[in-house]
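In the two complexes below, chain A is the common chain; its partner is chain B in one and chain C in the other.
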Partner chain A sequence: MTTTEPTTTEPTTTEPAPPAVGSDGAASDEDRPVGFGNLRRKEDPRLIRGMGNFVDDVQLPGMLHLAILRSPMAHARIVSIDKSAAEAHPKVVAVITGEDLAAQGLAWMPTLSNDVQAVLATDKVRFQHQEVAFVVAEDRYSARDALELIEVDYEWIDPVVDVRTAMDAGTPVIRDDLEGKTDNHIFDWETGDEAATKAVFDNADVVVKEEIVYPRVHPAPMETCGAVADVERVSGQLTLWCTTQAPHAHRTVYALVAGLPEHKIRVIAPDIGGGFGNKVPIYPGYVCAIVASLVIGKPVKWMEDRTENLVSTGFARDYIMEAEIAATSDGTIQAIRTNVIADHGAFNGVAAPTKYPAGFFGVFTGSYDLEAAFCKMSAIYTNKAPGGVAYACSFRITEAVYLVERIVDCLAYELEMDPAELRLKNFIQPDQFPYETRTGWVYDSGNYEPAMRKAMDMAGYEELRREQADKR
Partner chain B sequence: MQVDLTVNGTEVSEEIEPRHLLVHFLRDQLGLTGTHWGCDTSNCGTCVVLIDGEPVKSCTHLAAMASGHDITTVEGLEVDGELDPVQEGFMQCHGLQCGFCTPGMMLTARALLNNNPNPSEGVIREAISGQICRCTGYSTIVRSIQWAANHESAVTIGASQ
Partner chain C sequence: MGIGISFFTEAVGAGPRKDMDILGLGMADGCELRIHPTGKAVVRLSVKTQGQGHETTFAQIVAEETGIPPEDIEVIHGDTDNTPFGLGTYGSRSTPVSGAAAALVARKVRDKAQIIASGMLEVSTADLEWNKGSFHVKGDPEKSVTIQDIAMKAHGAGDLPEGIEGGLEAQICYNPDSLTYPFGAYICVVDIDPGTAVVKVRRFIAVDDCGTQINPMIIEGQIHGGLADGVGMAMMEMISFDEDGNCLGGSLMDYLIPTALETPDWETGHTVTPSPHHPIGAKGVGESATVGSPPAVVNAIVDALKPFGVRHADMPLTPSRVWETMQGNHTPPI
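Then we have the complex of A and B:
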C-alpha cells in the first residue's frame, strides 16, 4: 500500500445529517467518486421490521427439535449410557448416542485440518461439554427435559489443560483414538533461517526475552449456532439451513460424513447474527441434525444456547509465545526469534489450510527491516474445545502482530528509548519495496513513516508524553 | 393455562404451559420471530420487548406474567406503513450490521425517547447499556437514536396507556 497525502476533501461524513442519497435511492452527488457518501444497505428494510430470516426463524411443517447432552467432565471414559427413561418420555421421538452413530459409521467426522472429530463421544469425552448424546422431541422444551433423563457413567481421567506441560512424560494421552498415538503432539512447523538467526543473536549487543501469552478468546456472536436439516425421504435430497460462514466447505464435509453426493445437498446460509469466524467450523450439532432428519424422515431443528456456544465452539488465539529480539546498543533491530506452543484443544479443527498450519503467523517480522528471523511452533492437544481461527483480522495475524509489537516495546524499555522512536528507526524504507521478509513473505509496497507520524499526530503523542512526564 | 394479552395492538388468547418464556411464546407460538433469543440470561438484550411501554427482557419473563398486559414487539414499531423514527434512524445512520441485536436495541431506544425526547449521548449510552451489539457498532447506534430524537413525529409507539 502506498500512502499519499489526500488532495481532495476528506470523506468525514459521519454526521447523522441527511445522506448523499436522493429519495429515489440514487447518489445525489454524481461528481463524487465511488466510496464517498452514504449508500443504503439492501438488507436493512427487512431487518429493522423484524423480518430477518435467521436459522431459528425457520419453521417447517412437522419440524422436530433436537437438544444435545454434553459432558460435565473435560476428560473421562464413558462407562455406560442408559437412555431408556429418555426414550420413554411421551414427546421424545429418538435418543441417539455415540454408539448408535458408530454402528452406522457416523460417529466421527473430518475436520478442516486433516484430523477427525467425534460427532458424539464413543470411547471417552475429551473436553468439557463435549457432545455425548442427542434427543429429538416434538418441541424444544421437551427435548431439553429428556436430556435430564439420560444416565451416563463416567470414569474420571486427569484433564490436560496446561499446554506447557501437555507434552511431559506421564501426561494422559488425549487422542488415544489415533493409532499409535503416545503423546499430545499434533504438528511442528517452522519458518525462517535458524542458523542465520542464531549467528545474529550470538553477536548481538542487546538481547531481550519475554514470554508472551495470548489467551484463548471467544467470538461470541449474538446469534448462537444452529441448523434446520430437512432430508426428503424419497429423493434423499438434504436441505440444510445453517449458521455458516463457509457453506461450500460445509457441504463437502456433510457429503463425506453422510455419504450423500454433493449435488443432493443444498446448504442455505440465511441471515447470520454475527460470525467473526465462529461460524466457519463444522460443529457436531449440525451433523446431529442431519443424521436425525435422515433417520426420522422429518425436518429437525437444533439451536444451541449461549452456554453451549461459549464452551464448545471455535475460539481464537491460545498461543504461548517465547519471543526474543536482538539489537545493536543504539537501537537497530537485527533479528527476532520465537518459539510458540499452540493450544489446539482436543481435536485439530483449526479453519486454516493445511499448507499454512499456523495461518499467516509468518508475518511476525512486522514492518521492520531485519537481518534474520526464525519461528518454531508446536501445536498440542489439550482437553479444551476444538476450533481455531476466529475473527476476520486473524488467521494468526493478530498473534503475530501482538508478538512483534510487544517484543519491540520490551526492547525499547530495555534500551530506555522511546518506543515510537525505536519503530521509526527500524521501518522498512519506501525504496526497499517490493520487500521480501526473512520468513519469505513479499510486501508489495509501503511507506510506514508518514503513516506512523500521522497516527502519532492524531493521538497527540508528544502531548501525551509531556503529560506523562509532568505526572511522574 | 390460558393467557390473554395485547400484542402489537391485537388481542390474543392462547393456551400455554406455565413455564413458557415470553420470547418462545412470541416466536414459536405467535410466529413473531423479530424478537430474538440470544443469551437466555438477561445479558444481551436482543429479546427486549415493551410491556406497557417498559423495555423487558423476554427471555427471562414468563409468558404467563405477560397476561393482561400490552406487548409491543419490533413488528409493532411500524404503524400503517409508517416507520417509527427509530427504525428510520437505524437505516439512515448504519445502526445495524448483522441486525440480530437490532430489535431489542430499537425497542429500548423507543422506550427511552418516550420518556426523554431529547436525551444526551451519555443518557443514550446508559439506556442501551443492557443491550449488546457484538458487531460493536455502538457509535452508529447512538447516532441512529439521536437521528430519531431529531426526527420524532407526534406518533409515539408502545407508550404507557
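Then we have the complex of A and C:
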C-alpha cells in the first residue's frame, strides 16, 4: 500500500454546509462547535485505524469456540442424532443437542413478540439452517470440522414456502409445538374504518388497484452477529459481550429466562459494526454460548459467518400488499385500502412494541389528507428464518411508505397527472398539524410543500421532464 | 429515462410507555450526566450506537446545553453495569428519546449550576443570565462564572447555597410525549438500456427534514447510507427460496448489495421543521433514507417503462426482471 497525501473530499451537497448552529455566546469555531454543528466524529480516529473493539476482538484466557450445526432441510422431523464421532475429536470439549438443552428446560426461548423459538431443534426443524446442535472446541476451525462428524437422521416433511397458499387446507402445520395449533396462522390485524372506507370507494370517480410486493431482504451488516459468554463459576456472574442494539432489554430477558438476578448479568455491547435492526433479537447462538460457558466453566465465543447471518438472522419485509386508492377525477385522493399477507417465517420473532404486532404500518396513509383508510392484515408462518422487522424499517414503515408512494404513482398513471403535482395537491397542509390520520396517528409537525419544491428545484424537475419528453 | 418521486412521512422515537413496550418493558430511557471537579463531563446513555455517531452527537447535545466543549464530554454506552436502563437503538429512536433525555438531564444540571453560581456571585438566581458556558449578572457581564468554575465550586471547599448538595450531576428517565415525524422529498432519475434492460441510477436528490439538526455532516452520512440501501433493495436485493425451502440468498454472491459503482453522487438538502414536543426540536433520521428511497427508485424505473404500458413492477428490478416487464411478462418476485 502506497502512502499518499491525505485528500479531503467535499460533501456532494448542492448547498454549502450550514454554519455551526448554537445559541449566541459561546465562541464556536465552525470545525469545533460547542454544541450543534459539523463536529468531526470523536469515534472515528480509533475506528478508521482498525483500533475498534468489536466482539470478535474479545480474547479471554482459556476461551473456547462454539460452532452451530444447522439443518440442511426446511421442514423435517429429527429422527436421531449421533454425536459420538464429534465428541471423540481431540480438540472438542462438548457437543450439545436440543435433547440435552430440553433436559435443563433451555431448548426453547421467548421471542420479542411473545412467541417461542427453538434454541436448538428438538422435535423437528422448521427452516433451512435452523440450529440443531453445537460444538465447543479449543479453536474455531476444530469446532467447524467437528460439525461434519455429527450425524443427524431427518425425515422429510413437505415445506411451506409459498405464503399465499400457506393457509390452504391440507398444508402441513409448521408450529405443531404450539398447543392446539391446526394451521399456519399467526394473527390477524386491522386498522382504520372499514365501513367508512368502503363508502368512499363505492362512490369514488376513480379506483386503482394493484398488488404491491415488498420481498424479503436482509440488513447484511458488515459485522455479523456473535457473543462471548463468560460465566464465573464461583460468583455465578455472567458477563456477555454481544452484538446487541439493546443491551438492557437483553439483560432482562436473560434474567427472566435463566432465573438470574440482573445484577449477576452484565451485557457489554462494545463497538458494533452495523446493526440496522439485525442486532435487536436474541439469537440461539447467544443462548448456546451462555449455556456452554455455564456447563464448561470457561469463556465461550460464538461468531457467525456471513452465510449464517444471511440465512438465519433477522430478515426484513416480506409483505404482499394488495393496495387500492380512491380519488376524484381531478386528482383529490380520498382513501387508501389494503389487504396484506405478512410472511413471518417459522417463528414470530418480530421486534415490535407489544400493542403493535404490525409495527407502525398504520402510517400507510402517507403524507396525504385522506377521508378514509383501512388495512386488514394476516400474518402467517412459513418454513423460513424468523424475523421481519429489521433493515431500518422503522417498524414496518418502509412497507407502509412503499405501499402509499407506489399506489399514488399508479393513480398518477391512470389520471395522466404529473406525480409531483398529484402529491402537491394532496399534501397535509402546515396549518393542519398536529394532524391525526385516518388510522389514528398524530403527526407532530410538518411542512411538506417547501421540501418538495426544494427537491424539484435541486433536480431541475421541469428540465428533466422536458428531456424525457424529447427522448420519447 | 425515468423520473421517480417519493415523499415520505415517518413515525419514529418509540415511545410513550403507556402505549409502547417490548416484552412488557416500557420504551422510556434513562440518562445520567456527571460533571467532574475540573469541568469535564461524563454522560451515560441507555441507547447503543452501531455506527450512527452517538459518541459525537450526544456530546454535542450536552455541549449545547452546558457549554462544555464536546471534546471534554465522554459518552458511555453499551455496558449494562455502567449505564441507565433503556430500550436501545432501533426505529430511529435514539435522538427522539435518549437525545431528549440527554438534553433534559443537562438542563437539570444547569439548573443546579445556576443556584451554585448565584451563591458564588452573591446574587439571586433570577439576576443571572446564561451565555452558553457561563452565568453572568444581568447588566454586569464582567461578573461571571464559567461552568467549569461552578463544577469546581460544587466539589470544593466552602459552603454551597442552602439546600444544595455537593457534586454536579443529575439523572433522568425520559418518557416521550409521543413519536416524532420526520419527512422528506426524494427524486430519482434513471436511464434504462433498451437492449440489456440494465438500469443506471443517473441522479438521486434527497431533501430531508428531521427537525433540529445536531450534526449536519453525520445526518448526511446517514442519508447516504440509506439511499444506497434503497438502490440495493429496489434493484438488486432479495432473499429468495426454492420450492424445497432452500434459501438462495446465503452469500454475497447471491444476495447482491450495492457498491459505489451502482450508486450515483447523492445530492442532499434539508429543511427544518422542529418537533414541537421534543426538548431540542429534533426528530430521528437514521432510517429516513432507507424508508424513502426504494419507492423513488421503483417509481423512476416504472416511469421509464411507461411507453411499454407498464403501471407497476415489483422489486427487485434486476435487469432480467426489467426485461421481462418490458416484454409484458412481469411477475411478482414471490
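We adopt the following convention: the second predicted complex is superposed on the first by the 433 of 472 C-alpha atoms of A that agree within 3 Å, B and C clash if a C-alpha of one lies under 4 Å from a C-alpha of the other, contacts with A are read in each partner's own complex, and residues count from 1 in each chain.
Here, contacts are C-beta pairs under 8 Å (C-beta built on N, C-alpha and C of every residue); 3 or more make two chains touch, one makes a residue touch a chain.
These figures come from a predicted structure and were not determined experimentally.
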Q. Which partner does A:Arg233 contact after superposing on A: first (chain B), second (chain C), both, neither?
A. neither
Q. Once the shared chain is lined up, is A:Phe276 touching chain B (first), chain C (second), both, or neither of them?
A. both
Q. Between chain B (first) and chain C (second), which, if any, makes contact with A:Ala246: first, second, both or neither?
A. second
Q. Can A:Tyr443 be said to touch chain B (first), chain C (second), both, or neither?
A. second
Q.
For A:Pro419 in the superposed arrangement: first (chain B), second (chain C), both or neither?
A. second
Q: Look at A:Gly366 in the shared chain and tell me whether it touches chain B only, chain C only, both, or neither; answer first, second, both or neither.
A: second
Q) Which of the two partners, first being chain B and second being chain C, lies in contact with A:Met456: first, second, both, or neither? A) second
Q: In the overlay, answer first, second, both or neither for which of chain B and chain C A:Lys181 touches.
A: neither
**Q.** Contacts of A:Arg306 with chain B and chain C, given as first, second, both or neither
**A.** both
Q. On chain A, which partner's contacts cover more residues, chain B's or chain C's?
A. C
Q | chain C-contacting residues of chain A that also contact chain B | A | 14, 18, 38, 40-41, 43, 220-221, 272-276, 306
Q | Contact footprint of chain A on chain B as seen in their complex | A | 17, 19-20, 24, 27-28, 31-41, 43-44, 46, 73-75, 77-78, 83, 87, 89-94, 96-103, 106, 132-135, 143-144, 146-147, 150
**Q.** Residues of chain A touching chain B in the complex
**A.** 14, 16, 18-19, 38, 40-41, 43-45, 47-52, 54, 56-57, 59, 139-141, 219-224, 271-276, 303, 305-306
